[in-house]
């Protein structure tokens, strides 16, 4: 591939739209979502990673402590969130996933072994997707409508495959604070995108293993989270979190999340919802644009 | 090349000058400039980068959200800025570039595919420069007078080529807070340099993709920006920003920029201007030094 | 090894337990522990590292300044801590280790030359363990009951070997804020784990050599430490520090540690203890679970 | 070299001493020192680095702006500092070095082309040292008594060579906050060490080029600097700065330095001095230990 092969058009073919009609009385939306990667975050890229027990134990904090504490917090605040769960996690931590469902939360598709999809290896990437559908169905009896790509990368070529299997929304792209409907090859309508906000990726503020980053204190994290929420609210957009129970379930991070959610609940006109609820609203909104069937 | 081949003289042959005569009543200058790289920032170095859609979507935030919001902000504050635009962006996002021009802003040259220039590959580097002139002319009907090198590297050997094509100022060097005129080989006068200030490179505070850096909260960024501006003002120099719509257009960063510009507008004796205006003033200033024609 | 070889079960086979009975009147526990690596932290991985004298001098700050100052601080506060000491350090700095013992502190096993254990090289890893036992015995006449793996990695396969040699607790895993007893192959009970908290790894906030991290100011470090302690206290867990005299003994870090410990001493219901004391308490607690002998 | 070849003794053979007799009325000492690397900081390791003009221009900020501003600041505060200057800089920026001397400052040896010394290449390393002596003598007529190794690494094997050429103190080691006299091979007394404090290496807080670090705001830098100074003062030690005009001469950093030095001047019992003054005091102090001649 050469530079001359790059098409001279926006990478994202979806029309730009800065006006979303949220439910009556609502000015903006907080899509509260977690990636429940557990141990799988630490062996993606190399299965031998499984053997490094202390490294993997960073992920183990999620199921042992973080997730139970977060489920308790959400129950107390009466909030419903989306948890994106890889196939391996659904199998290794089935009981915790059942607890999510009992708590009124949505479970989304998050790959099989938490492997980065790649169009250079379509077979493996599609197998990962199928592994996810299969495990969520077999273990939890559910057909996910939402998908977030593991490892922060995705390709529209996979969105087609996801739609065929019932996925209605994606939450991986970083290019907007307003939801949009993907436009796939041949101008075909794709799933809705609930674009993710990397300021709310707690991994970047609260983990040091495998990065050169610093751990960031509560005051700084809350300042950024408040500012993102405030201006997105002013603009009428969507604030999408990328939280991880293995991070936000740690004591000091839990305090940040608790404080943030308590404040968010008090924000007038903020609709806090899970991905399925938001997608259902947008699909029924006459101003959001054509749905996949009618385009 | 050996150490003995390094000449024992300052790398920069331009005379040092800490006294600039700004327009009457003005003590220092804020050169408000943005690099509108959009998606091109994410495929420089390797055209296959284009295919990584989520990575590239970091850049897509610029045209989808950041730039429109920033143009609105500047209009409200009645400020004119310079946007440095690569050829690919001028072609892929022509409408947004036209909006810049309608808003009274300057468009500067920022390469072709946002590739790092290199004297080891003169042909490719010069082709990049030509691609920029050609696209800005064909799509927008303009001949740029300003140039900022993509990827934070440049060589005086290219300044000659830029001057021949009409460029009057460069804004890439990091070695001063006072503008100067470049001195090229053979003591030939080069373009004016409006040196860039890396504290105002928002990428360093507000992006995590592809770096080990942390996201930095508003209080810290504003503290650094205020201090830079305050002391540069005290010294009578130039404060040159290196902002990116894909960063400073994000909600929390937009709030930082808005607050900073509102404060800057209130600073007595601060001249906020675009690069063409500053260059025109300096070229007509009797104390700035010989122009390129008369040297 | 392939992904299909990864067992679909939690990496950690120990049962989850969020309820610990601390000593009467105590709500949570602070396990105050230091890794006294001294110079050995800077030549792990390559013995030639020893030759880089300025790099190694970062470690030398521990024995020359940091450790004496910290021992003085702990004596003033009447606190007993655990110091994990590699064999090389016990031999090169025997006098300082004797001072620890005189001060009423515990010395734990921390490897031989501070080398990362690896199941791919069982012979070398076991030799490292033996080297540690041998040096602590010969130089200090002690048989350690606690072990922390050097370089932040460990494998349960080594826990067996440690138990045979008398080790009763490990403090390397990152997956909990409640102590648990390891479950080894064949469901065999292993040593107690006093899981370590990486927010209290001062290296991450107070060292720049060999990392891309920033030095972090007292306000931020204390904020994170207070939050970790506060929420762990609320939950009734254990706060385990990973401090290094070569870091926390530096002037500005010493001030952080002093302030933190003074505050911790005032926290009602916080039991500050060393690892041997905590392990002894847990082993005698009827609610903690079966001990290694009786399982 | 194998681990068994590492001697089991402290890397630093100098006796530990936490009690320094500073001049009458003085409790601790601030050794105010700068590394005036200018452009040479950016081509060490590879002479072709010289060609990357924008990268090198980071260094050019020192001679163009930073150094003149700092000399002015020091003159206003009536402080005398040490500037460590490589041979190349003494030749390329002779006038600025003369200005330092006129301002009452000391110039120390800082290598030739700012290359990292290495005992694996004794010839090249000694040539670097000789290049430094030669340039300082020829251009500035001075014989330096102080030496700081470029690139933060040094070896005691070079200290011998430096002493023969007249060097009385080194300021490269990181293992103490009290000065000491080096002990070289054969128990031979070496030069005095004025150990350097990496919290005062402004590069780590104020430069982003070539690192994954963040720029740090004034409040955080000042907090760390105040804490280091306060506790070192309490302990009666030495606070040694590693400042760079290309960093601390930048507007926002200049404000930090100015504020810090103004506060330091007000601190009762703090002796602010250059390296030659401190060394002269220590050499004449009966309690500091044997000098090199009498040992």
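A, B, C and D label the chains in the order they appear, each numbered from 1.
Simple rule for what comes next: contacts are C-beta pairs under 8 Å (C-beta built on N, C-alpha and C of every residue); 3 or more make two chains touch, one makes a residue touch a chain.
What you see is a predicted model; the values in this text were computed from it and never measured.
A.B. asks: What angle, rounded to the nearest 5°, describes the rotation that places the Cα atoms of subunit A on subunit B?
C.D. replies: Copies differ by a rotation of 90 degrees.
A.B. asks: Among all other chains, pick the one whose mean CA position is farthest from the mean CA position of subunit A.
C.D. replies: With centres defined by C-alpha atoms, farthest from subunit A sits D.
A.B. asks: Over half of interface residue numbers shared between subunit A and subunit C means same, under half means different, so which is it?
C.D. replies: different
A.B. asks: From the C-alpha centre of subunit B to that of subunit D, how far is it in Å?
C.D. replies: About 35 Å separates the centre of subunit B from that of subunit D.
A.B. asks: Express in whole angstrom the distance between the two chain centres, defined as the mean CA positions of subunit A and subunit D.
C.D. replies: So the centre of subunit A lies 50 Å away from the centre of subunit D.
A.B. asks: Could you check subunit B for residues that touch two or more other chains and list them?
C.D. replies: 212-214, 216, 219-220
A.B. asks: Which residues of subunit A touch subunit B in the complex?
C.D. replies: By the definition above, subunit A touches subunit B via 1-3, 5-12, 16, 18, 119, 149, 152-156, 172-178, 195, 198-199, 201, 204-205, 211-214, 216, 219-221, 223-224, 227-232, 235, 237.
A.B. asks: Can you list the subunit D residues touching subunit B in their complex?
C.D. replies: On the subunit D side, the touching residues are 38-39, 43, 47-48, 50-61, 63-65, 68-69, 88, 91-93, 112-113, 115, 208-209, 212-220, 250-252, 254-256.
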